Amino acid sequence: MMLSRLLSNDYPRSRVLAVILLAIFLALAVTPFAIPGVKALNVAAKVLVFIVLVASFDLLLGYTGIVSFAHTMFFGIGAYGIAIASTRMGAGWSALVVGTACALALSFVLALAIGLFSLRVRAIFFSMITLAFAAAFQTLASQLSDFTGGEDGLTFKMPAVLSPSFELTERIDGRILCYYLLFVLAVVLFLALLRIVNSPFGRVLQAIRENEFRAEAIGYRVVVYRTVSSILSALFATLAGAMLAIWLRYNGPDTTLSFEVMLDVLLVVVIGGMGTIYGAVIGSGLFVVAQSYLQDLLKLASDAASGLPWLAALLSPDRWLLWLGVLFVLSVYYFPTGVVGRLRALGPAKTN
Amino acid sequence: MSLLATENLTIRFGGHVAVNGVTCSFEPGTLTAIVGPNGAGKTTYFNLISGQLKASAGRVTLGGRDLSNEPPSQRTRAGLGRAFQLTNLFPRLSVLENVRLAVQATQARTGLNLWSVWSDHRDLLQRADAILQSVAMKDKEHELVANLPHGDQRKLEVALLMALEPQVYMFDEPTAGMNHAEAPVILDLIRKLKADRSKTILLVEHKMDVVRELADRIIVLHNGTLVADGDPATVIASPIVQEAYLGVSAKEGA
Amino acid sequence: DSKEIRIAHVYSRTGALEAYGKQTQTGLQMGLEYATGGTMMVNGKKIVLIEKDDQGKPDLGKSLLATAYSDDKADLAIGPTSSGVALALLPVAEEYKKILLVEPAVADSITGDKWNKYIFRTGRNSSQDAISNAVALDKPGVTIATLAQDYAFGRDGVKAFKEAVHKAKIVHEEYLPANTTDFTAGAQRLIDALKNQPGRKVIWIVWAGAGNPFKIADLDLKRYGIEIATGGNILPAMASYKQFPGMEGATYYYFGIPKNPVNEAMVAQHYKQFKSPPDFFTAGGFSAAMAIVTALKKTNGDATAAKLIPAMEGMSFETPKGKMTFRKEDHQALQSMYHFKIKVDPAFPWGVPELVHEIKPEEMQVPIRNTR
Amino acid sequence: MNLKDFDWKPLALVPLLALIVLPFIGSASTWVTLTVAGLAMGMIIFIIASGLTLVFGLMDVLNFGHGVFIALGAFVATSVLGSMGDYTGSSSLWVNLLAVLPAMVVAMLVAGAVGLAFERFIVRPVYGNHLKQILITMGGMIIGEELIKVIWGPLQIPLPLPEGMRGSFYWGDAAVEKYRLIAVVVGSVVFGLLLWTLTRTKIGLLIRAGVQDREMVESLGYRIRRLFVGVFVVGSALAGLGGVMWGMYQQNVIPQMGAQVNVLIFIVLIIGGLGSTTGALVGALLVGLMANYTGFLVPKAALFSNILLMMAILLWRPQGVYALSK
Amino acid sequence: MSENLLTLSGVHTHIGAYHILHGVDLVVPRGQLTMLLGRNGAGKTTTLRTIMGLWRASQGRITFGGEDIAQLPTPRIAELGVAYVPENMGIFADLTVKENMLLAARGARSVQQIDRNRLEWIFSLFPAVEKFWNHPAGKLSGGQKQMLAVSRAIVEPRQVLIVDEPSKGLAPAIINNMIDAFASLKQSGVTILLVEQNINFAKRLGDSVAVMDNGVVVHAGSMKALAENEELQHSLLGLAL
């Protein structure tokens, strides 16, 4: 019953899926102690950030049916909020609070504007406009270098408790505390999103996605719902950005605003399964880990293929992007409904 | 009890006047059939009333309230319900969810409720169940709408309108493409509504036997203009209907 | 105590700067071999090179450097290619208290306000670039207009250039968006600014990355007697210099210019290995290797920062560009730059820069910008 | 097409824009230089966008991989032209063309052939689904770009303009680059051929119908598959041609060049309205002019000129200047 | 030359995981008008789509003029002389009425090349087609679209016409036109297979009749026999009428 309230009555609806989700949850919970090394911790933290970012995008894409390329803009705003505040005000909790609040406010205004504009033009145009808009925003961020650090970005410090130099006990340092801060944030934000999509509001969004015209006809003001949805998803993305900045203690245009990040998000949504929210967890887990270790893997493969120069050239770690591209193509081929969709179709076992 | 009225309602598409200065009002408790040849402007007239199209001129009022500048959703909330001629549903949601969405739309604020869990709203579920019973579709409640045959989609179209519980019901050829075994379900529903005597019902229908049986009043549109209005027997007998619509005299003459 | 000296090289193996990064790696490898006489040993310890691909992403670079220092137990690190990455790496070196030898990222702030004591740089900085160009062009009676990309790199470059110009007159600064493809408007403004000036007229271009600002020459600047000047670049980029015989500027490196045994050895080795001359960034990688090995020899193979920092401060070492010296104050390696003039030689697919004058470190007042 | 029905307003925007800025620029010769350069730039943009008018505008395939064909065309051109130094070195335009024309043909053939494979393996499973198109073609784009790096290396490769195409013509103080005039000629030919095929033959109709309801087109007895493949190949080949023109304009090519122009050409099509060749031309000309005018008058704003232009146009005509259906 | 132009024997069709047709046997005699009746969801539309190759028969034979067409691609089937009016009408909404008609006329490169007399005949049957000639087809009223859909199918002569519920949503006068159209088409030797709910329509036109239920044909015979046999009508009434 507790669980059911937490999950908003939206169960994984597949036993395998439930097991995988639980495994990811546990793995993320114990990473700092179970897997040694800086790299593993960094990967796990990135997974946490991506879960929130991707889930927030799923609200927009999977549930409302809006294809926006400007989502990373809000992600960037969140990260810049923390970065700029921490640079200007010095490291401290108040900088985090002020930075996040300002970022949320800016995101709110921009999302409102975009949401209202989206109604004037057809969906596909809207996507292209957001694409251009996001590109312009990125350039703007690098041009306002006095403020944003330009292309070079900003490096800043965190409150002492969250810094690597802080040591609580022998094994627990500031990095680990910072990790658990992210972990808690990610869990809370994820459950909140799950609740939103399963609320009456969430259902209306689905209706709009399916047939906007009819949704309006039965009495739902599509403008309002669309706008609220894009604002909500923007706010969650902003928080994801803040999480990333807290973890990296760095932010720059390429880190949060680049189109590459947007692509990663799109890919993760699709791999995981659109319109499921759970897909964000699976997708992020799979993708971030794959991305982080892809080059290592390719190195092994190309060494193995060293006898065949052509194959070795293709498998070279330098060409890791090639394989990411292949991943894009294959995931559309083989996971049209994402991992979650696949698993649910396999065995509709109820974990009730 | 409110009265639906249109005053001088007109719409032009380029040079073509699809609905031309139609002034008419509809009393609660009556079923008015709207007939006319294909392209006469019947669906367009509905579109103007329910707000899918914006009138070039004229007003739509319900119980004295001017709705002319309201978007469709607000008109629906004000009490204008509408079923579509071409089926228009939420294809990748289940039958039950389709109806539940319509039921939810009648609730004042639930739509923007972000924080409660949908499946906890028992009241919505019960209403939706009752409606599905009434159109004999309870057994298909978990099917995806996209997989339903045409006839069932038509029934669901009507079920959504029922779920809205409006003051004015607008049916646009509700039984088109339904066979004689299925159509009675829909016609029964309309009869029941009519028996209620408090609802305003508008019905576009080409099947004259249905019109004869159900209608209290018939209005005839021709080239966008209202050309006849009155009790069924008189209107059907009028030469304009016989010729332009039923094509009778032309046939008989030949 | 350990039998190895582990050096991490964090650079752009892939990404936008892939071509540059790979040159650095080649130079570094060659340099280590040259400096150790092919043994890859210093004081009985084996040098192990760990490669990390930052893909040009600062966040990734940060995590890679931390991984290198901690998981891979690297004693010191070299890199990265991009200035953005470099700035993100600086605090990591400080956190882990290990040396980071910056090569070839150019931003002034690396050895400026973002500097910390673990940071050294063999690469030239933007100021050195700009000042050497200024020295090459700064003559009485010359009128200069600048053309740069509208972001920090371009604006800083122009600023340093202006500070170093004393005799010539600067009449116009044109900044264009980094993604500009059509230069007509900018060219028109530059022409308007220069055409009625007396004497020698020069447009000094500082541009990196996409877009080809030399296209402004197609508007026939010669009509107004306007010349173009710019710094050096990698060889493929200097292909477009072929259209500008006689163009002057100052460069960091061109394989045919420096005359010293180290350069001769590198050029010979590079031709042997790749059948082509070493390029811009190869020289930088080579210099970094020379710096490291020289320092390690001084500390008898001790790679801790505590030993290396005092050893390296003020240290001079041989490179393909001749002698370099780490300035004590900001750990920037002071080095010669080359005033060149382009000659067209059909044997080369690029415009060949011929040495006019070697600009010695003493001739350039490279400012110290950190707050030590 | 009926001339009487033709909607002149969008076309009139082009001279209108030019006239409005005249007083701000002041000098007539500067204005001529900027205007002619801008229009010619528009023509170059039109050439690189023309392939996408077919693929995106008509077939409704959001091909983010389109840029790869542009890059591919340019790289092929470096190889072809590189091996014909004698012809490109000559200062006679006609001798130059002996090298440039084969380069164009080879680039179009190669891009077309790769387009065939791209359609088969990347696009075919996703007709009708924009989101999947974005993802899968993006994957295709990455793969293509990396393969270019495998074949030609990651470095930028110079693509020097043949001698005879360098320099400018002069009208008094105003200068117009020769190469831009060549682009105008090529662009006009492409425009004419496209317009003719799409409005005077049934193919255009069939494509548009096929996008709306493939099953019905097949039921009418047309092999829609083959047609779509054909259109895609032609679109890719045009991109290859665009790549040659763009590469020669830039005078050097990099593997990322396709990605760099992607957004630009999408903007052009949106301004023009999907599926309209005339619209794409108008969009390209407006973009070309706007870039030069803002670049001269307010360089800071040049960066946003395209976006502002697009927003303004969409507020005027939400479907683009020449929308197919009104 | 076979007696039956189109035959289906033992045709099974699956749509995804659903088994829809369970062995349909149907004959369409040459030169006749065959009515296909059945309640909603009986599988009529599926049968027509299977004939057109839009869904593949998983089992069974479909022959057209003696040739097995079960595995042919749709365009091939159309080229053999089959015209199809789908249930949803398949109008190209963004194209004008003229362009819709031009596409249906496979032999014509431009409107001028369409047989003028045939066009005039169509205009006389369905005046709306002429009236809205240059309008986007998507803007037509429901009934007008239906008229356009049928007009498209008959703009060039075809051997067999397969039509899914042409009368739905048509005004009585137009239904009469439609009946006239089919009658005169039949006269000119065209074979017609018609799915219909309107029993009067069926009675006035049909030569033979087949009734479907649950994915199989449960009755086949002549229309005349059915019309005269009250009892049979009654037993099939629940299914068909």
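Chains: A, B, C, D and E, in written order; residue numbering restarts at 1 for each.
As a working rule, contacts are C-beta pairs under 8 Å (C-beta built on N, C-alpha and C of every residue); 3 or more make two chains touch, one makes a residue touch a chain.
Just so you know, these numbers come straight off a predicted model, no measurement behind them.
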| item | value |
| --- | --- |
| Shared chain contacts [subunit D and subunit E, defined touch] | none |
| Minimum number of chain-to-chain touching steps separating subunit A from subunit E | 2 |
| Interface with more contacting C-beta pairs, comparing A-C to A-D | A-D |
| Centroid comparison with subunit B (C-alpha atoms), farthest chain | C |
| Subunit C and subunit E, separation of their C-alpha mean positions in angstrom | 76 |
| Centre distance in Å when subunit C and subunit D are each reduced to the mean of their C-alpha atoms | 37 |
| CA centroid of subunit A to CA centroid of subunit B, Å | 45 |
| Of all residues in subunit A, the ones touching two or more other chains | 139, 143, 319, 321 |
| Touching two or more other chains - residue numbers and ranges from subunit D | 149, 303 |
| Touching two or more other chains - residues of subunit E | none |
| Pairs of chains found to touch, sorted by chain label | A-B, A-C, A-D, B-E, C-D, D-E |
| Partner subunit D, residues of subunit E touching it in the complex | 52, 54, 73-75, 78-79, 84, 86, 90, 92-95, 99-100, 102-104, 106, 109, 136, 138, 152 |
| Subunit D - residues contacting subunit C, complex | 27, 30, 33-34, 37-38, 41, 149, 154-158, 160, 166-168, 170, 175, 177, 179, 249-252, 254, 256-257, 260, 288, 291-296, 299-300, 302-303 |
| Of all residues in subunit E, those that touch subunit B in their complex | 18, 38-41, 45, 87, 128, 135, 139-144, 146-147, 165, 168-177, 197, 199, 237-241 |
| Residue ranges of subunit B touching subunit A (in the complex, touch as defined) | 50, 52, 71-74, 76-77, 82, 84, 88-93, 97, 100-102, 104-106, 110-121, 160, 164 |
| Contact footprint of subunit C on subunit A as seen in their complex | 37-39, 42, 139, 142-143, 145, 149-153, 155, 164-165, 248-250, 252, 254-255, 295, 317-321 |
